[in-house]
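Chain nomenclature is as follows: A, B, C and D, assigned in order of appearance, with residue numbering initiated at 1 for each chain independently.
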């Protein structure tokens, strides 16, 4: 998924504000659903970030075109693990490891059913 | 209401990103409710922006302390009009005229009851 | 220009947060430059919002695909006027009239030269 | 540092959008400087996020008052480590471990001088 850096993504330091790389990754996760005519909100729940680890390697600036690449690591009982990497002209500038928990609309953790597991594995 | 300008509010131009002045005004509208132990979401609805006119007079930058001042102009049948001014060291840097419509949770316009009219008039 | 609505664009009301329509319009203005291999920051300055008037007609929600259409109204001595309309499935949901002033990097107003006037007229 | 949750901080899931907890932590880091009459941009450089690890424990919603507490772990040769915890009514809802690198305005890593080390140790 390609993402363009606009003014709103940058800060007074002249580069992309650090937490916006997480937003770019979230767009790339949601877009996987949208592109298949699905919504990231489905059935009885949605996915929320539980744990993240991120490395900020290089910075992006206004007008840059970035690419987000998703890699599924593992689907567990109530969550799944994803690595998302952001590239700028073939160079990796950001890497995110994220654990996404499947929760009810009230925010309670819930089991990932075999159907949802298959869906995640087919999408990512 | 005092608002500090942080990195996230600025852009690569070195100043506050234009639409963030609207966010500052929205914070000031919501804060009026919060300070009275109320929520801006109440009874059968909430207020949404319907029309705005804004003048960007001077710019703010990282670390500035701004003050937002609200002035109620008029409560109409299904909306109310507010002027919100942002000051930086006594100088007005931004002025917003906003019409806020009262809508149901499905987004349908609805009447402002006398009770809600009194509430708005007492809050703003 | 097509814009997808992601989680970050929405708020607890379930719809796009009002000021984000301004961000979408700003993306569409910048993208005009980027698509021609140009930057919205050029020569001795950049454009900043000076006055806006906006109508919020209908709301957009997570996953919607929006289209922003720009129409140039007038290039004046030190600013230009643009109308930007956002459509969702052919229906106009937001309209912005914006005056953009040409300023130096220190934020001082400056004249739009004939070259820059021609550039704006050819781009928008 | 106290932070109020406004509409702009929430998303269509009804709770604070995940990356905004990072913004809250950044505000708390910058505020440490502002409260002492200093700027987080000083001398020959500024601090940028290099690595983060975060746990999203509980969620916050519109109107919540949060508190961010900073704890300095270590000042190294060209970076420092901070733990930042966000509390809602005494309960920890978010924890961030962040490595902040000291860089020049061109983004090059640079040494933390003894003066800057003392400053960091006195502020955090």
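The criterion applied here is as follows: a contact is a pair of C-beta atoms (placed from the backbone, for glycine too) under 8 Å apart; a residue touches a chain by one contact, two chains touch by 3 or more.
As the structure is a prediction and not an experimental result, all values here were calculated from the model.
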Taking shared numbers over all numbers used, above half giving same and below half different, the chain B and chain C interface sides are same
Contact tally winner between A-C and A-B is A-C
Per the C-alpha means, the centres of chain A and chain C lie apart by a whole-Å value of 27
Separation of the C-alpha centres, chain B versus chain C, in whole Å, is 22
Cα centre of chain A to Cα centre of chain B, whole Å, reads 32
Check: chain D positions touching at least 2 other chains come out as 7-8, 12-13, 15, 19, 23, 26, 41, 62
So, in the complex, the side of chain D touching chain B is made of residues 4, 6-8, 23, 26-27, 30-31, 34, 39-41, 62-63
The answer for chain D against chain A in the complex is residues 12-13, 15, 18-20, 22-23, 26, 41, 46, 48-56, 59, 107
Per the touch rule, the chain B residues reaching chain A in their complex are 7-8, 10-15, 17, 19, 61-62
